[in-house]
Structure formats: structure tokens, C-alpha cells
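Same chain, two partners: subunit A is paired with subunit B first, then with subunit C.
Up next, the complex of A and B:
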């Protein structure tokens, strides 16, 4: 096991290098110049301010950003700084990239963690119910509903939720977007927490509904397999109640793949959804990465992709370790 | 693993609870700390002193005498500013919050919202020199920053010198000052701007430079000793989150930027030197999605926003809405216009007749009626219809496919092989229309145009490009035709877009328009300080551009806005709303603000 772990950890280094190199090359090969070089505001708005930087100003600016050096040199410079955990400064607002990421990571984390909790809390019982009532009305109808949800695009569902549930003309149950009412700093803690949670309801619903289908199907399949296994039949034969046979014997064993899926969620936790964030006006990681790409803010793009790569690799590693730990049949000796 | 017992579960739950409560407590502590430090920052920004009250203080002069002072409003802003640093700020959102409406930073001059004439803001008087190469301002002696320090000529010298440091991240200001020869402080309250050549906009450029407090940004005189270090420091300045505090001379202080909450909060500068505006707080709320913003407005979480044509026509017409909101539709003097640009240096658009034919095929009336709910007006040139630069004798370029057919035949296009597509020298008339991706209205407009062109035998491909790629294509002149909008100015200087020299160095003359007479007139107008005579030259330029059709001038639009009826005195001028005049009666205020 230890040898395996060390080998896996060593493999992480070249993989990471490869990922960052490919990302670096791709963003530099993509056409378009960093927004900070032009006089223009970034994307979307199809207007252009009548300002044009002179050639000399441009050249000075490129030199300042290190864009005048050859690409390999630029990559090595970047690598050397990252090795010392310095991701540089964002070109769009001159703040350290780490600060910029910390500014945006908290709403994304809150949203994603709640969404994961919601997905698990709904789909595991749902999957159990489906497995127990296999082939009956409950199984089929909930399967249909979860798959319909899976197929519904979030850019359609999001505005619908907004229009029907945040509107005095229909139901003004939830606030329209953002994470707090005005002046959150003047609220006491528990009202503030309540306010935050109310604001999170719709975004979390949007973030989670599509995940129900996959996880409930996983639970259902795993449980079905175990329900037919010999040891469950034995348990039933020795007089264990049906509930105990399912929950204590079969379910525990079928949850192993579900737990390991959790490890894969790790990189997803910091990756925001640009669509949900735009609809609900939340400035999270999705907003940050998307805008960084539009503005060709290379330091921020590189930092967010590196972060995602690291978390993916850690997630995969964690998954393998969890497997070995939870399932005595698996070993990497 | 040993047997799991119920008391283990209790233990685990208990520990999670303990950890959770500790975390919550930490969060609460942070929030308290934030509030305290915010109060400290505000105190710093006002020079460590509270409002000027008490028997010794002068009575407050109010800007709107009948208003009930206090209260707050929430204003929608559709884009997030990259920063709120007056020197390095690059975007429209930042400019609106900081300086465009005279809220936080003030300049020497501002424009009267009705007559559009200049009037003094920080300046008491001004005069342009005999030789037209310099302008001298006399700064009001009573003008003070929020810490009580007077605004002096030295601050403008500092602003100029600081923005001219090559490593300073402020191309926006640098570009305007490229022809500036220097700024001198003649005495404490007299400042002179010198220009390298005659330029009629000298008053506007010099008069709109913001007053930046030198004593706060450069207390140790780095501008003389180590400019690069000063640039580094100012580039990294992120007010109001990082010191130095955002001390400024305007009627509002940058109190807080709640980044996760998408709000910028301005609080009244209680020590403002001029007439005090009524509102206690102005909150800018950033919502990038139109639908979300309208829902927030309807839910009472916004007081003021700009509507889209569709929202204006379909979603804000019910009596319940009209009872709570006023809607305004008006033209702004700096409105700008949209256009189709033809690459004037690429065949077949190097031929004026072809460009004229193209303009005859754009169904602009149909576009306005079918796609824009009749809420746009047709443009016929680069000047605002509200200003005096536009030539009143010029009408609209008519929609006339028959005339287009004749013009193209004149230019040598015929359908020789009978495939329904015109050709010349064996090559079919086919071109690519580049548009910015993600803006639906562009695709819709171009589809209508495409349909018209196919009827006269011209094939147009519509190609959307991501914005930065699009800008790259424009800068490298790698396009047949492009579609875009210019943001306007009260008084345009056509040099940047129409002079042939702006084609070089990735200038704004993307289409490579070059007409020696227009070049000559543009330069002549730049040196003409008499407005009457200058506008005569612009009328001439307007007429030539209309005849040459280097662009097909498309549309210019009124602003569509909704304002809560809580707000009094919300009347748009020719430059939009002036928040400094708004007020909210006590009875209509939100609880807590």
C-alpha cells in the first residue's frame, strides 16, 4: 500500500506539469489579446469606447507583463513562481491572484456543498425506494421524473424559478438572486444566516436537480445487486426483519461506490457554474474563470486551472485510498 | 472495525455540533471585526472627524432646499467594475460610480445637463490662452477633500505626472493626455495645462481630469524620487478595501465595496465643501442578468434600472408596475450609435458604389419595427442628433434594393453564369459579416439583412466571434464587414475614427477609411476654437461621410429606464440622471435605510 501511494504521488508531478503546459499552450494559441492591452471593455457588451492606446504605450505594457519574451521562457517563469506558491497578479485589477480567488471561492463552496448534501439526502433514499419497489409504479415514475430533471437545461429552469418564485405577481417566496438582502452587515447573526439560507434555496435547487438521476440510479443498481446476494438471503433466512436486512446488510455494502463518488466531487466543489451564477447574480468561481477567459487574464486562468487539476488528482487518489479502506477485497499490494 | 455503538453516534454528533458552533462564532467575530474596521476606514476617509455640527460650524448649504435629507436608493449597474481606483479604473461601471456623475471624485468642469455648456465644478473661472495652446483654471478656494485639506493646483500636476509614468496601468487617461505638453501650478489655486498643438477639446480634456489628493497617495514624494515605485503602489491600490483611504473631494465617499454581495455603497461626505445633496446613501447593486434585475426591481430591491426594449414593451406595462414606477424614454447627448463597417481597403468594398448599394439593402425600418419594438431611431452619421455637430439637412439613406441592383451593375457585377449570384471577373459576390458572439440581436438583424441581400444576388455569411477574438480581427483589419457600436461623446472629435492616420498602429479607423478632404477638414476643425465655424466644418464632414457610406450607419437609441416613485426629483437631463438631486421622503424610506 505504501509503495503504491508513493508511486501515485510521484505520478502526480508529471501529470500536473503536463496539464499546466497544455493549458498554457492552449490559452496562448487562442486568438485575441488580453483586455488590459486594448482600450476596450470586456465581452458581451458590443460597444467599444473610442480610446486606442498608442503603439508605444502598448509596447511598454507588454514588456511590463512579460509578454515580449518567447513562450517557453514565459512558461518557465510562471512555473518557477508557482513552485514558490506565487500565482502572480491578476491583470484586470492588479490584485494578487490568490486574493482574487479567495474573494470568489466562498459563495461557490457554500452553493456546491449544500447542493451535494441535497443530492445525497434525496437520491440515496430515493434509490433505496426504487430498488425495493423494483419495477413498480414508484420505481418507474420517480425514474422518469429524475431523468426529466436531468434533461432540463438549467438556463431554462433558472429563469423560470426566478419568474415564478421571486415575483409579487406570482409567488414572492424567495429573493431574486444574490446571497443576502441589502445591508447584511447590520443584521444579527441568526437573521443573517436565515437570510443567507433563503437566498440559497433557488440556486441550490438549480445546482442539484440534475444530479439526482445519476446518484439514485447508482444506489438502486448497487442495492439490487446486493439484495440478491447470498448473505442477504442468509440474513433473511435466519429471521432478520426486512428493514434490517436492507438497511444494515445490503445498503451498507452498496454504499461503497457512492462514497467513492464523493471523492470525485472534490474538484467540482470549487468549479462554479457560470450559468447559475449569472442567473442568480452570484460572483463565484464560475464568474471569475469565465471572465478571466474573456479578458485573457492569463495569471487567473492558469491559477484556476491549476487548482482544478490539483483537486482532480487529489480526488482520484482519495478515491483509490477510500476503496481500499472500505472494501477489504481491494488491495494495491 | 469494532462494533459501532449508539453512544458513538451521540459522541460524533456532539463533536460536530461543538465544531460547528465554534465556526459560527468565528464567522460572527469576523463580521464584527469587519464592521469595526469599516467604521474606522470611514472615519479615516473623513479625516478622523465626524460631521461638522455644533455652534461653530457653518450652516449646511443644501443642494435641493425642499428635500428631506437622509435616506438611501439602490441603483442597478449591469457590469461589475474591475476596481474602484480612480487612476487605473478602465471600465464604464467604475467611471459611473467614481466620477461620471460627480459623486466621489470631481473634476474642474462639468456640463450643464440642459444646455450642455461647461460650468465650473472645482474651478471658479478659466480662460484659454491667446495662442490656443494652453488653458488656465482658477480653483475654488473653498474646495476641500473629505479630510479637510484644500484642493490645490499641485494635485492636478501630480495627477498628470502620475498618469504619465510608463508603468502606470492607466491607458484610458494616458490616451487623452498624449498631446499634453505639461501641467504647471502657477500658484496654490491656479493651474495651467499646456498642449503641443492647437486642439479645441483642450478645455474638455483638462477640465475632466479628476482631482486626486497628492498628500494621501504620495505622502513621501515618490513622484520625484522613485516614480516606478509609486506606479506599483497605485496599481495595487484597491479602494476602499486597501489603504490609503479613498479621500476625495466629491459629495459622496466610497464607504464599502461588498464584493460577494455585489454592492458598492457610497455615503454622504458630511464635510463636503459644496451644496450638500439630500441622499444619505447611494448603493450601486451589480446584477449582470437582465431578468434577475427586473425581478429585483419588482420585488422592491432596486430603485432604478435601464430596461431592454422587450422589458419596456412587454414586461413593465401592467398597472401594478406603473403604479410603483415611472418610466422614462429619452435621448442622451452622448448616446452613441451602431453601424456596419465595410472594409474600405478590401474589394469589393473599396468601391463607393458597392458600399452605397449595401446601405440600400439594410432594412432598417423593418429591423426597428420587428426586432426592437419601434424603440430605436435611425442614425445617419457619427454625430448625436441632439448636438449641434450633426448636419440638419441630411436625411436618411433610403431602403431601395432596385437602386442597389443598379449601383452594383454600374460597379461591374452581373450574374454571368446564371446561378443567381452576382459575379465580377469570374468571382461571385460573397463576403463574411463578422459579429460579436453572444449578442442575439446582432444575429437577428443580420439575418434580415442576409435575406435582402440574397434577393439581389449577394451571398453573405454571418460569422460570430468571441469578443477578444473579434477585437483582434478589427485591430488586424482581418474582416470583410463588421458590426459594432460606438459609445458617444457630447462633442465628437472624428479624428480617432475617420482620419486616415488612425488606420496605422491598430487605431480606431478599423475600416481603413481615407478621404484627403475629410482628413483636412478634421485637422482644421481640431484647431478651430469658434464653435459656430467648427460646427460648419462638421456639417461638411457629415455630408461627405453620408455620401461615401464607409459605414452603414444603423441605429441610435433612446435610453429606457424605470425609476421607483419613492424617489423625488428624478428627471433625466441630456446626460442622464443626476443622483445628487434625488431624494426620498421620510415616509417612503426602507426600514433601516
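Up next, the complex of A and C:
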């Protein structure tokens, strides 16, 4: 196990280098001189005027941003900064990128955590029900429904929910967009919490419905395999109730892949969905990265991409390690 | 989906026995028969073929030019005269494909392997001729007014509007209110039905070309990794890991924002990021195949690695990729829709389902049909490709095979 752990950790190094190298190359390949774009707190217009005014200023700015050094040096500088989580300053508002990210992380985190809870809370019981009633109406119909949900694009479902559930003409059940009513800072805690949760219902629904198909299918398949196993028959034979045989004996053994999927999901929590956050005007990570793209705010783009990639890598690592740890049958000698 | 393995093994024998008694069953025939037994998969395949038919024949279904019209006593055929080179090339491609499928069955086995190259050459010649001869005519005659004249005797397509035809007097009409605009009009008065039908082209093109890139890259790298193992495998698998780790949608958006909204760039990026699954499947197959006797025999005969990998092993290891490719086409359509929805898709005024959604988002409450209809189209296409994929996977899985 320890040998496996060390080897698995060493495998991360080349991947990590590759990730940083590719982000770096993409940004360097981009046409248009970054130094002429944005940069000052006043925004792009001032930057362009500055360029027109003086080439000397441009050169000074290049030097400031480190753009005058040869590419390998620039890459090494970039690598060192990534390691120290120093992504520089956002070119659109001159704040440190880390501060900007921390400002936008909490809505996304709330949204994603709720979505993961919803996905698990629905699809595990659903998968169990499907496995127990295999081939019957319940199994077939719910499989079909989750399949259809999986195929439904979120940029279709989201606007439809807005049209039909946030609209006095139909059902004005939920507020449309944003995460709070105006001036949330004036609210007491519990009204605020209620308000926040009501605002989160539709975004969370959008974030979670597509995941149901995969996880319930995993649960169903895993449970089916175990329900056939000898030890479940033994449990039944010694008089354990059907419920106990399924939930305590079979289900516990089929949870391993489901737990390891969780390890994969967790690091992804901070990456916001650009589409969902755009539809519901939530100012989270997705909104931040989309705006960074629109404004060519390179430091923010590089920071979000690198962060997302590195965290996914950590997720893959966690998944493998958890799997080896949870399932003693797996050997990685 | 893995079902219980036990009882399914018996019917397999029956299939074999049947095959022995009657005509010999090829692997492809078994898979085809298995696929056809799956009702959902057949429905999916039917929808996919319908989408293809629409994509090919859409100029004849939705077009502002009439099939024929009599002007001052003389008969004109504007729809046919105004087919663009693109329309004609697509028609030629479809024609060659159908001709190949038919001819292949009629030819004796000896000549059969020549049918594909001959058809490809025929298609290349036809496209070259089309590009050389046909020009975009940019005909701005107002045939609709001309058709009102007595004795005009005009015959229009079932949906008598071109996708780019604007009419600001008739904008934002819901479905069914105006005769002719069956599914309503959009913010610029363009016919929604016409735009929906023309969009199938872009969606299918994106789906197939993007997944084509993904399959090509995935198969080659996966085959090399699986066949050579060791250092090659290590490098390629690290590459797979790197690509998996990147946030795909965000990366495509960034590249499009930087380099501009080109259709081929969208396809290329989806392909460049989507090959990893294919590579992993092919690699897994090759790890198994390279130890087979016939691989050893090929090596013993002194064949080069390229010939062994691509001629001997690949045909036996390609099946899982076909399954994954149909899911990949669905995923590519979804991604293209999402990009267009955010305004990063194909540049206007070209109609795609995603750009129509983007147009609808100007005021979704006032124009719900501009959300419902294009979304429904994407949903149908994606569900159809996924059904085909699941059907293929089940058909290829010997554990599920039944007589």
C-alpha cells in the first residue's frame, strides 16, 4: 500500500507540469499584445490611449508584467507563482487574483454542495429501488426518466424553469435569478437563510438533475451484482430480514464505487458552471471566469483554469487512493 | 449496464447453433440482429436517420425560393437555380453514400472492395465540378410578391421561408398565429420552423466532425499505448490525464474568445479535448489483443508494427470505440449548443439550435417558443444518439446476448 501510494503520488508530478505548461502555452499563443489590453483600473479605454500615447509606457508595462523575458524564463516564473498560489493581479480591477476568486467562491460552493447532496440523496435510494424491482415497471420508468433528464441540456431546462416557475403568468413560486432579495445585509439571519434557500432551489435543480442517471445506474449495477452474491443468500438463509439483507449487507458492499466518485466530485466543487450561473445571474466562479474570458483578463483565466485542473488531478488521486484503501481485494503491488 | 451473467449464457449457444444450422453468422450480423431487437435503440437510430435526411434535403423543405413560378408566361425554377455549392456537395455526398450502400450488395465479392474507393473518387470529382461551375447567385427577386400575380402558378416548398429571411412586420409571432409561420417567428421575423430545420446541418456536422477528430486521435494514441506499452504507454497515459483534468467547456470558450468564432475551431477543440475515453478503450483492448496468437503470428512473419497495429489488431479492437463515439457525438452537440447559447458559437446569421436559444434569451418570457423548440431539438438529437450508443453497447456485450 505504501509503495502504491508513493508511486501514485510520483505520477502526479509530470501531469502537473503538463497542466501548467499547457495553460501557459495557450495564453502565450493568444494573438493581441496582452500589455495593450486592459491593465489599468480605469479599464480598457485608458489602456488603449496609453498605447497610442507612448511606446515607452508600453515597454515599461511589459517589463512590469514580465513579458519582455524569453518564454522559458516566463514559464519558470509562472511555475513558481503557481506553486505559491500567487496568480498576480486581475487586469480588470487590479485586485489580487486570489482575492477576486475568494470573493466569488462562496455562491458556487453553496450551489455545488447542495447539488451533490441532492444527487446522492435521490439517486442512491433510487438505484436501490431499481435494483430490488429489477425489470419491473418502477425500474423501467425511472431509468427512462433519468435517461431523458441526462439528455436534456441545462441551457434549455434552466430558461424553461425561469419561464414557468418565476413568472406570475404561470407559477411565481421562485424568485428569478440572483441569490437574495435586494439588500440582504439588512435581513435577520433566518429570514436571510430562507431567502437564500428559496433562491437556490432552481439553480440546484439545474445543477443536479443530469447527475442522477449516472449515480443511480452505478448504485443499481453495484447492488445487483452483490444481491446475487453468496453472502447475501447466506444472510437471508439465516433469517435476516429482506430490508436488512439489502441495506446492511449488499448495499454497503456496493457503495465503494459511489464513495470514490465522491472523491472525484469534491475538488470540482469550486468550479462553477458558467451556463447555470449565467442563466440565474449568480455571481460565482462561473460568472467570474466567463467575465474574465470576455475581458481577456489573463491572470484570472490562468488562475481558474490551473486551479480547476489541479483540483481535478487531486480528485483523481483521491479516488485511486480511496479505492485501494476501501477495497482490500484490490492489490497494487 | 451489467446484468446478471448466469442465465444469459445459454441463449448464446442457441444463437451459435442457429448459425451453424443455417447461413454462417458473422460478428457484424450478430451485433446487428441484437441491436435491432432493442426497441429503444431502433427508435434512436430512426431519429438519427431522420435528422440526416433533413440535413441533406433541407433546401427542398424550407426555402423562400419557389420550386417553380411562371413570370410573364415563362416558367422559372428559382429553388433549383439558387442551390448553393454547399447544398449540392451535401446532396452529392448523400448520393454517393446511398450508391455505395446499394452497389456493394449487388457486386460480386471479388469487386466489392473497390466500391468504396470508386465512390470516394466519384464524390471528389462531383465536388470539384460543383465548386468549379456553381456560383452563389444571391438572387434577391421578391418571388412572394410575384407569386401573387394572376397566372403566376407558383409552387413553394412546404415551409416557404429561408432561414435568414427577415420580416420586421411579423416579428415575435407565436406558433400558429400567422398562416405559413407554423412554429412562429423570432425577434427579427425569421421563420422558426425553417431555422430549426436548417440548424440540423450545423449540429450534425459539429457532432460528426468533432467526434471524428476525437476518434482519430484516440484510436491512434490508444493503439500505440496499448501495443507498445512501457514508455510510450506512460507518456500517452499522462497526456490523457492532463487532458481529463482541464475544464473542457471553459477551455473551449477561452480559445474561441481569443481566436474568434470559427466552426472548424469549435470542432477541432471538441475533438482535441474529447479523445481520452476513446484512447482508454482502445488501449485496454490492445493490452488484451497484443498477446493473442494471431498478433504473435503477424510479428513472427516479420510485419512492421504499423501493419500489425492498424491492419491486424485494430479491426478487432474498434468496437468499444463505436459505442463511445455515439455518446461523443451527443456530447459534441451539447457542447456546441452551450457555446452558441452563451454567444460563442457559430457566427450569426447562420442558424443553429444554440444560437436560436441565444436569440430567445433576449426575452424568454415573451417568446417562450424560442426556448422550447430549439431546446427540444437538441434534446431529441442528444437522446437519440445516446439511445443508439446504449443499444450498441448492449448489442456488443456478449453477456447480454440472447437468441
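In the analysis below, the second predicted complex is superposed on the first by the 291 of 333 C-alpha atoms of A that agree within 3 Å, B and C clash if a C-alpha of one lies under 4 Å from a C-alpha of the other, contacts with A are read in each partner's own complex, and residues count from 1 in each chain.
FYI, a contact is a pair of C-beta atoms (placed from the backbone, for glycine too) under 8 Å apart; a residue touches a chain by one contact, two chains touch by 3 or more.
Predicted model, so just to flag it, every value in this text is computed and none were measured.
After overlaying the two complexes on the shared chain, residue contacts for A:316 are found with subunit C alone; subunit B is out of touch.
When the two complexes are overlaid, the chain among subunit B and subunit C that reaches more residues of subunit A is B. In the superposed model, A:84 lies in contact with neither subunit B nor subunit C. By the touch criterion defined above, A:167 reaches both subunit B and subunit C. Of the two partner chains, subunit B is the only one touched by A:189; subunit C is not.
Touch criterion met: A:92 reaches subunit B, while subunit C stays clear of it. Of the two partner chains placed around the shared chain by superposition, subunit B is the only one that A:180 touches, whereas subunit C remains out of contact.
In the superposed pair of complexes, A:296 makes contact with subunit B and with subunit C alike.
Once the two complexes are laid over each other on the shared chain, residue contacts for A:107 go to subunit B alone; subunit C is not touched.
Once the two complexes are overlaid on the shared chain, A:278 sits against subunit B and subunit C alike. Within subunit A, the residues touching subunit B in one complex and subunit C in the other are 30-32, 159, 162-163, 167, 169, 278, 294, 296. Note for the complex: subunit C touches subunit A at residues 1-4, 6, 238-239, 241-242, 244-247, 249-251, 253-255, 257-259, 330, 334, 337-338, 341-342, 354, 357, 360-361, 364-365, 368, 371-372, 374-376, 378-379, 382-383, 386. Within the complex formed with subunit A, the residues of subunit B that make contact are 24, 27-28, 31, 34-35, 38, 74, 79-80, 82-83, 88, 90-92, 166-167, 169, 171-172, 174-176, 178, 235-236, 238, 256, 258-263, 283, 285-289, 291-292, 295-296, 298-299, 301, 318, 320, 336, 338, 436, 438-439, 442, 466-469, 471-472, 475, 483-487, 489, 496-497, 502, 505-508, 590, 592-593. For subunit A in complex with subunit B, the touching residues are 30-36, 38-55, 57-58, 60-61, 64, 89, 92-95, 103, 106-107, 159, 162-163, 166-169, 172, 175-186, 189, 192-193, 278-281, 283, 294-296. Those residues of subunit A whose C-beta lies close enough to touch subunit C in the complex are 11, 14-15, 18-19, 22, 26, 29-32, 147-148, 150-157, 159-160, 162-163, 167, 169, 217, 221, 224-225, 228, 271, 274-275, 278, 289-290, 293-294, 296, 301, 304-305, 308-310, 312-313, 316.
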